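You will see two complexes here that share chain A, one where it goes with chain B and one where it goes with chain C.
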Partner chain A sequence: MISPQRVSAIATNTVREAIRNKVLYVLLFFALVLISTGVLLSTLSYVERDRILQDVGIAAIRFFGAAMAIFLGVGLIHKEVDRRTIYTVLSKPLSRSEFLLGKYLGLVATLWLQMAVMGVGFAVTSWLSEAPLDAGHAYAIGLAGMEAALLAAVATMFSSFSTPLLSALFSVGIYLVGHLTRDLRELGAASGSEGTATVTSLLHRVLPDLESLNLSIQAVHGLPIAPAEVAFAVLYAVGYSAALLVFATILFQRRDFR
Partner chain B sequence: MSDAPEEIVVVDELVKDFRPGFGLRKKRVLHGISFKVRRGEIFGFVGPNGAGKTTTLKVLMGLIHASGGRASILGHDIGESAYRRHVGFLPENPWFYDHLTGREFLDFYARVAGVGVAGRADRCAELLDRVGLSHAADARLRTYSKGMLQRAGIAQALVHDPSVVFLDEPMSGLDPIGRKEIRDLILRLHTEGKTVLMNTHILSDVEMLCDRVAIIVQGRIRYEGCIGDFLQNEERATDVVLGAVSPDVVEQFETRFEAGVKGRGDRIEFRVAEKHLEEVLRIALDTGAEVKAVTPHRVSLESIFLSAVEAEGAER
Partner chain C sequence: MSGSLAIRVGLLAAAIGVAHVAHARLPVASPAEQGEPFVPRPEVARATSLGFAAVLADYYWLRAVQIVGGEPNPEHHGHLLGRFIDVVTTLDPWVSHPYRFAAVWMVEDEEAVRAANRLLERAIEYHPDDWRMHFYLGFNHFYYLGDNETAADALEPAVRLRGAPTYLSRLVARLRADREGLDTAEAFLRELLKSAPDPYAAAEYEKALDEIETERRARFLDRARERYRERNGRDIASVEDLVRGPSPVLERLPPEPNDWEWVLHEETGKIVSSFYMYRYEPHVAARANHGKEGEGS
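Coming up: the complex of A and B.
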């Protein structure tokens, strides 16, 4: 049975370690700089300045969220094994699934903390530029957080059995393909070949559909966003991440820590 | 009621195979080893580097899955995780979360081990004091010396007050003062009635600390038992130094007692089995030789260890 106390101990330690890691502050600094450069970019255009400003801002949050999820996620388990800290932790009455879940939740908390800072940066930049802000922007940034959480699960899964380099390659691959699965499915359907359509439809179902977590266009253009659509996207991300973590746990249980 | 000592750790025909790399043949590192650790003893698990000591401890801690055989701790099969509530573990050359302070570090392990919030801070402070790290409680682990880290490692192993403690090379890489500190800590655990299983290849520490030992060489147990029993089982010998011995007496010693005599005339020396000592001395005195020295030869654990290693090598 999963113990909340043990899971939260691992998660808290993961957050604390990340917060004390200076590299993350550098990444966060660059993210905030990129969000602010939206102001400069928007001055290059006479029309739709607000749209450019907010497009750049949300894109920066989404990109840095995904980059940090992969950057931190691929080393999440490997670092514990490499530094041999895992020996003492797993020698305690803690199951491997609790350890993996704690590490993942700690990583997600770290990502959301950073993305919250970026979100505040985005709001301040928009407010200073007198660009409109509404719930749509909050939804878009929130779903960017869910995308980061899903990518963190992808990276954690690879990290549970592979090296950081390979995990990074696989995770980046999933990230890129994850944004193309809808297009692939539509291309397959339009190809006229039943086989191609089946394969692309299967790929769309099996691989993460990261575009379902992208509401930036609607948010930036002020288009209506149905709360049900957001709720479905959140459920999708939670379900997909949970499935990945279950798979990661199965792989992790079988591992020998030599 | 039986007076037999309770067996806390039971290892029965344990086997471990590793695959050195993808597509390569499996290599057996533990060849069906068996041994038992009794309640309240300090048990030394001794062997040269690469003998399988660390692998055995990792199997017992659930960090490595056994390929065959069985092992139980406190009556629980090692496939379960419940026994870990009662076991503390210090790995070899431990490395800890160096972003934490000593106090945070212990608090983290206490939480992971399920120590309740009530009294947790006191327990951590008490342990830091016990291992002599109170002065560095608020310093980050990255500023600790090797000896301090080793003591912090022992503190984390004890944070949930286990009744069994596994220590993997606890004195490795420490200076004499550090080794003495760790030795004292281990003896204190023994005094408190905890069962200690210690992996080591430092034989002087084993002789000083352990009640019983098992010697493992290339994944096979060569000896298991009390150190005293080992020494008793070995044939006792005595080094004898004589002066003014005639050549025919020397020849007699060599043929009758199989003594490898060194030197000639004024001073000869040889080692003779204890059972022949009286006769040797009588002959020496009757023939007018001068007895210069008679020194009992002490069979050390080291000589037993070396003969076990050599025997394993000869069998291959």
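Coming up: the complex of A and C.
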């Protein structure tokens, strides 16, 4: 039985540990610089400057969110093994599942904290540039947070059984493929081969569809975004992340730390 | 300690100096900027955007803008601009301005205009309530392709759209009736000038309006020339013949601004303003000949 108190203790500790990581602040700094650079880039166009400013801002949040999720996620378990703290932690009345879940939730909390700072930077830049801001932007940034959480689950899953380097490579691969599954499905459907269409459709179902968590274009153009669409996207990310974590706990349970 | 620090500072200054001198001697333009720019196929650009389609669309949009802002004759780069705008609107089809930008600048030849029309049809698909997209499409069919019927068909749906000017319905009727086209072209151009997407486009429309005004005066001279032929049984040797002799057909020639004058074109024999050296013809095939006429004279 998973104890919320024990999971929460691990998560809190993970957040404390993560916010001491200086690399995270460097990434955050670059993200904020890129968000504000949108102002400069937008001046290169004589029209639709607000759009360019906000495209760059949301892209920076999404890119650095994904980078941090992978960067922090792949070292999640390895650090504990490397510093041998995992032996102390697991010798206490704490299951491996609770440990993994706590680590993951701590990581997600850290990511969301960072992305909230970036979101404030984006809002301030937009406000100073008099670019319109509405619920669509909040939806887009919120779903970027869900994408980061899903990627953190991917990285956590790989980090539960592999080295940080391999985990990073696998996670980046999943990230890239995750943005291609819709195109793959379309290509398969257009190929005229039933077998190819079935395979690409299956890949689209099995691999994460990260484009479903990308509403940046709709937000920037002020297009109507159905709350149901956002709710299903959140549900999809939560369900997919949960499945990855269950799989990770199974692998982690069998892992031999000797 | 202070000596060691001085050495380090000296080394730092020397290193910066070497880097600066070397950098100043490097060519500023990258190899990628030489020759025609590379534009990926739209579907490749979309597949490789990896969730950053909007930013990539902005990047290609800025490159297209640089062509118009940096080239003396951007309308000669219509095909290249078309490829850029196709990528932009494939990556982010909800953009608005790039479609109109394409309509303004993709006028190099008939193929470029037809490509611009395909982009405008995509614009209508994504902006069904924006009357301006219909307007540009109608203008292209009328002005560059000389197809009044298709122009009227393209313009007609805009009449019912919110914000559409009230005269659009009259313009549609005129398109179906006016074969000569000067009044219709002027009506189109005056509206395009009002809603010009950028100063460069506005300058192009003002030039086109000036061409129409010049053409009106040239047609007045054509009619006078015809009277001269009837009266004297021969053609004029120079435009001044119209106001010379015991019974001139005109009291004076219509004035041309800035001391430009009316002359007979050496090859075509048409009366032309020495400023333009060609007669107004809106269609792209005719416009392509303007350059040749200019070269010949």
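Here is the rule we go by: the second predicted complex is superposed on the first by the 258 of 258 C-alpha atoms of A that agree within 3 Å, B and C clash if a C-alpha of one lies under 4 Å from a C-alpha of the other, contacts with A are read in each partner's own complex, and residues count from 1 in each chain.
The criterion applied here is as follows: a contact is a pair of C-beta atoms (placed from the backbone, for glycine too) under 8 Å apart; a residue touches a chain by one contact, two chains touch by 3 or more.
Just so it is clear, the model here is predicted, and its values are computed rather than measured.
Following the overlay on chain A, a side-by-side fit with no clash is recorded for the pair chain B and chain C. Once chain A of one complex is fitted onto chain A of the other, the partner contacts of A:Leu94 are limited to chain B, with no touch recorded for chain C.
Look at A:Arg83: by the touch rule set out above, it reaches chain B but stays clear of chain C.
In the overlay built on the shared chain, the residue A:Phe257 is in contact with chain B alone; chain C does not reach it. In the superposition on chain A, no contact is made by A:Glu229 with either chain B or chain C.
Residue contacts after overlaying the shared chain place A:Arg16 against chain B, while chain C stays out of touching range.
Look at A:Arg62: by the touch rule set out above, it reaches chain C but stays clear of chain B.
Looking at the shared chain after the overlay, A:Gln5 reaches chain B, while chain C stays out of its contact range. Minimum Cα-Cα distance between chain B and chain C in the superposed model: 29 Å.
Comparing the two complexes, no residue of chain A contacts chain B in one case and chain C in the other. Interface of chain A with chain C (complex): residues 41, 44-48, 51-52, 55-56, 58-59, 62-63, 175-176, 179-180, 183, 210-211, 214, 216-218, 220-221, 223.
Contact residues on chain C toward chain A in their complex (touch as defined above): 46-47, 49-55, 57-58, 61-62, 65-66, 92, 94-97, 197-199. By the touch criterion stated above, chain B contacts chain A in their complex at residues 18, 55, 58, 61-65, 81-82, 84-85, 87-91, 93-97, 99-100, 104, 108-109, 111-114, 153, 156-157, 160. Listing the residues of chain A that touch chain B in their complex gives 3, 5-6, 8-10, 12-13, 16-17, 20-21, 83-95, 254, 256-258.
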